[in-house]
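Below, chain A partners chain B and then partners chain C, in two separate complexes.
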Partner chain A sequence: MGSSTENSAFFPTRNPHALDHVPGGSSGGSAAAVASQMALAALGSDTGGSIRQPASFCGVVGLKPTYSRVSRYGLVAFGSSLDQIGPIAATVKDVGKILGVIAGKDPHDSTSLAVEVPDYLDGIEKPVKDLKIGLPREYFRAGISDVVKNKIQTGLKLLEALGCQMVEIELPHTDYAIATYYVIAMAEASSNLARFDGVRYGLRVRGDGNLSGMYRETRDAGFGAEVKRRIVLGTFVLSSGYYDAYYLKAQKVRTLIKQDFENAFEKVDVIISPTSPTPPFRIGEKSNDPLAMYLSDIFTITANLVGVPGISIPCGKTPEGLPVGMQILGKHFAEPRLLHLAHVFEQAGGFSL
Partner chain B sequence: MKIGHAEVEYVAKLANLAITEEEKKMFIGQLNSILEYVEQLNSLNTENVEPTTQVVYTREQNFSMRPDEPRVAFSQEESLSNGPATGAGYFKVPKVIGER
Partner chain C sequence: MEYEAVIGLEVHAQLLTRSKIFCSCSTQFGAPPNTNTCPVCLGFPGALPVLNREAVIMAVKAAMALECTINPVSIFARKNYFYPDLPKGYQISQYDKPLAEHGHILLSGNGQPKKIGIKRVHVEEDAGKSIHDGFADSDRYSYIDLNRSGTPLIEIVSDPDINSPAEAYDYLTRMKVILEYLEVCDGNMEEGSLRCDANVSVRPAGERKLGTKTELKNLNSFRFLQKALEYEIARQIGVLKSGAPLEQETRLWNTAEQRTISMRSKEEAHDYRYFPEPDLPPLVVNAEWQAQIRAMMPELPETKKDRFIKQYGIPEYDAGVLTSSRALADFFEQTVASGASPKAASNWIMGDLLRDLKEFNKGIEASPVKPREIAALIGLIECGEISGKMAKDVFEAMFREAKSPHQVIQERGLKQITNSAEIEKVIREIIANNPKTYEQYRAGKKATFGFFVGQVMQATKGQANPQLVNKLLKSILDS
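Let's look at the complex of A and B:
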């Protein structure tokens, strides 16, 4: 759990491009396996960027589909109104192919929708014409490292040369997204993780012989510090007396953030930003400061709050050889458009700018 | 400070979490800084804003409804197969009704 794999139940994963750096997270193992060619493709789960950020850090392609596009049957639920499964692969076409296989209605997941699954590779080779790309003013002002900003701007110039039009847009509630996200994600996580009680599956620690002792000691042994911190905070914001002030408030702000995106998508076809404000960081560099770690999720979490699809594609490397990722967001069920634009960018050499 | 010793202990009890003194100290500091950060939401007026719980369809649409018909699910044996302690078709747990 978290954006570095340093809180893994097993051990941290290393970034194949620089072994002393993190691969991103939480699906950092999936992204590293693809980047190191141990796997052709992998699945990840994305609650706040856990497919896109590791794809960005490992220099591969990662797609978080629209909420409800892919069944979550079999996934350990974390934030039920945010979680989505999606593919990670080396090329856009591979990602599109796998999405075509995993998308669609599943009777085992009542939140999956029976929206038609198109051929995601259909028309992907066509040139992009007159596509309007929204650049959120708020995203490009907030603490992006120079090297990332530089690479993204080079990528945007390439897209302009390919026939896209850049439009500055506003997402006025961006500053509130992280606070909103963490209240909602931790509340949902604390509730979802209640099922790990040592009764029906997983670890059991006997405790002092009574039922509540067994619950407590099982959960103590099975959960790491990051998970416990999230459960404590999530339980707190849901507890009587604090529910309205934190959880309900966050759900209302979520509506405002959603409206920001609806307004933006009236003016533009897609929204582009860096996937992460920084290149991969060193192992151990941030793991002691949870808030700093959460803040680095600024560009990815809004897609989960709003339910829209987002893809992270490689956009060159820093002088040290660390991958930089570009994120493209679209309307609900606009995966074909994201894959199309990403593929055109890939074919034009955008991945190795 | 929103969260002190008493709150962490109370919440940990609600969540069935055993936490050490050391973790308690660490959490108090970290949780207060997170909550302080979350306070910024209060600067927004949300008086006439509906909460969002589900993002893709509206409450009225509710695509999750289906006819309530019996379906084949896991067998009892399969359902019990991951249990850490089972027997006689049940999950076993420590004594609930007891001496006290």
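Let's look at the complex of A and C:
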């Protein structure tokens, strides 16, 4: 859980591009395995950017599909209304191939949809023409490190040269996205993690011999600090007396953020931003500052709140050799368009700008 | 000061689906512990619920029979609490948008019908079962059986319209009959397929404001419901009369001590942290589906009762008794369909049959006497083969030995004597043997007629046709 793998129950994963840096998270292991060529491809689970941000940090391609595109059956749930499984691979084509295999309706997941699964590689080689790319004013306003900003702007210039048109757009409720996301994700997580109570799964600590003692001590010993923080916050926002002010309000803001995206996609075909406002950070650099860690999710969490697909592709490296990632978001079920644009960018040398 | 009780009931009814509400495990009762289970109802990490369509149909039927408005869109919600027999740590239920609302039940009471409002009907899953005793190490451990986990339930919440334990009893009885008629619940309180909690408060008669309420749990029989309410109402009145304040709390009915015992106070009440279940889309029961379900609705008790009165010309009382269960009503109709006259069928079923069933503690479904045989028995009386009095004995044998009336009559030589010559012969013998009484009769003491009837019946072991005996005796004695 978290954006760095530093909360892992086992040990932190290292970034193959710089071993003293984090690989991103939470699916940092998957991204690092692909980046270090230990695996041709890997699956990740993305609740707020956990496929895209590590793909960005590790210089590989990671796709979070549309919510309901891939079955969640078998995925240990964190934020059930946000979670999606998706592929991580070195090339866009590999990501498309794997998506074709894992996408589709699953009778065991009531939230998966029976939308036809296309051939994701079909037409992927064609040039892009007259594609309108939305650049959210709010995303480029502040907080992005200069080196990331430079790389993304170089990438955008390449896309312009390839025939895309840049359009500045507005996503006016962006400022509320982080708070909204964490209220919903933590509420759902507090409930999803309740089953790890020592009765059936995982650790059991005997406690002082009574039931509540067993629960208390099992959960105290079995969960790490970040998980406990999220359970406590999630429990709080669902409590009677606070539900309306937090959880219900967050759901209302979620609807407003969805409307922001619907409005934006009336004007543009895709939305581009950095995947992460910063390049990979050093192990230990942010682990004592959960808020800073949460804020670094700003560009990725909205796709989960809204349910739209998002892909992170490499967009060159910093002078220190740390990968920078570019994120492309599309409408619901617009994976073919994302893969197409990403592939054209890859073929034009965009990955190693 | 006079006090008035205000009672609301929460009824949980297990639906008679073959599989569970969110997985395909069997709902069969009595299977070896933890065998009717799978990753979904065991709450495995990664498992997800898929709603059972049949459970929705049954729930909608129940809601329709309770005159509720069906919400075209209802929402599942998670009710979060920790307990070992709840493997996910939450129960999937419905909260602020239930399946159905605003219904009612009519209680006939003492001739004056009373409407009890139904606040809501919602769908949810049952938890597993904790078994705290019966094992060698029960002093140290509790055992969990998750066979019941995920069994479909409906929760039916009444308005606080009930004012006495007797009314609560009537309400629950009525509810049970309706659910049984619909074949959506077997109504078995002992096995827990029908469960009841009660919210009860008292207030000075005439007062509009509600008093402080107690939630009563563990009312797992009709008798316990009534007893617990009686106890609790008296207890609350006692507290108020002593001048002490009442506390809002949850109390358990203790059968052994015949009293309610405090379980937890308002401060200790659970905060269930309800929120919409993200693993299930909203439940849509649109007008079209509602119409389909409505078309599948069987005839309900009230309608059936009215039809019985009209169609069969039987008294309202009879119709009420006969429609008190769907099986009994079916039994009656089958008897009539087999050729019995309705009133005779009703008399035999309500009288001898129900009495014997009660004596042998059997349900109508297990009756050793079938509708066809009752019809045959009635036919035999009507055509004069046996007398009504003989029929009583025949019925007793039919019931105890599970034989047809013809069989019983044949085996016991019970056939009625309808041969005039044979009876005449007996009459003449009796007159010859009782000259004094005969003289008295002839002298005008007509009351001795009964004596002669008795003698004839005795001599024929009751097999002589009584009408014929009367007729022949009269003509011979008076000649």
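FYI, the second predicted complex is superposed on the first by the 353 of 353 C-alpha atoms of A that agree within 3 Å, B and C clash if a C-alpha of one lies under 4 Å from a C-alpha of the other, contacts with A are read in each partner's own complex, and residues count from 1 in each chain.
Assume a residue touches a chain if its C-beta (ideal position, glycine included) is under 8 Å from a C-beta of that chain, and two chains touch if they have at least 3 such contacts.
What you see is a predicted model; the values in this text were computed from it and never measured.
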TODO: Once the structures are superposed on A, label A:139 by its partner contacts, choosing first (chain B), second (chain C), both or neither.
DONE: neither
TODO: Check whether A:77 is in contact with chain B, with chain C, with both or with neither, and answer first, second, both or neither.
DONE: second
TODO: Quick one: classify A:235 as touching chain B (first), chain C (second), both or neither.
DONE: both
TODO: On the superposed three-chain arrangement, identify whether chain B or chain C touches more chain A residues.
DONE: B
Task: Contacts of A:195 with chain B and chain C, given as first, second, both or neither - done: second
Task: Partner chain(s) touched by A:345 [first = chain B, second = chain C, both, neither] - done: neither
- [ ] For A:258, select first, second, both or neither according to whether it touches chain B, chain C, the two together, or no partner.
- [x] first
Open item on the list: Just checking: does A:110 make contact with chain B only, chain C only, both, or neither of them? Give me first, second, both or neither.
Closed with: both
TODO: In the overlay, answer first, second, both or neither for which of chain B and chain C A:187 touches.
DONE: second
TODO: Touching chain B in one complex and chain C in the other: list those residues of chain A.
DONE: 81, 107, 110-111, 190, 194, 197, 199-201, 211, 215, 235, 239
- [ ] Enumerate the contact residues on chain A facing chain B in the complex.
- [x] 66-68, 81, 107, 110-111, 113-114, 173, 175-176, 178-180, 182-183, 190, 194, 197-204, 206-207, 209-217, 219-220, 223, 225, 228-229, 231-233, 235-236, 239, 245-246, 248-256, 258, 290-291, 294, 305-307, 332
Open item on the list: If we count contacts the way the header does, which residues on chain A are in touch with chain C in the complex?
Closed with: 72-77, 79-81, 107-111, 187-188, 190-191, 193-197, 199-201, 211, 215, 235, 238-240, 243, 247
Task: Interface residues, chain C side, partner chain A - complex - done: 42-51, 78, 80, 82, 84, 87-90, 144, 271, 273-275, 278-281
Open item on the list: If we count contacts the way the header does, which residues on chain B are in touch with chain A in the complex?
Closed with: 3, 7-8, 10-12, 14-19, 23, 26-27, 30-31, 33-35, 37-38, 40-42, 44, 46, 49-57, 63-64, 66, 71, 82-85, 91, 93-96, 98
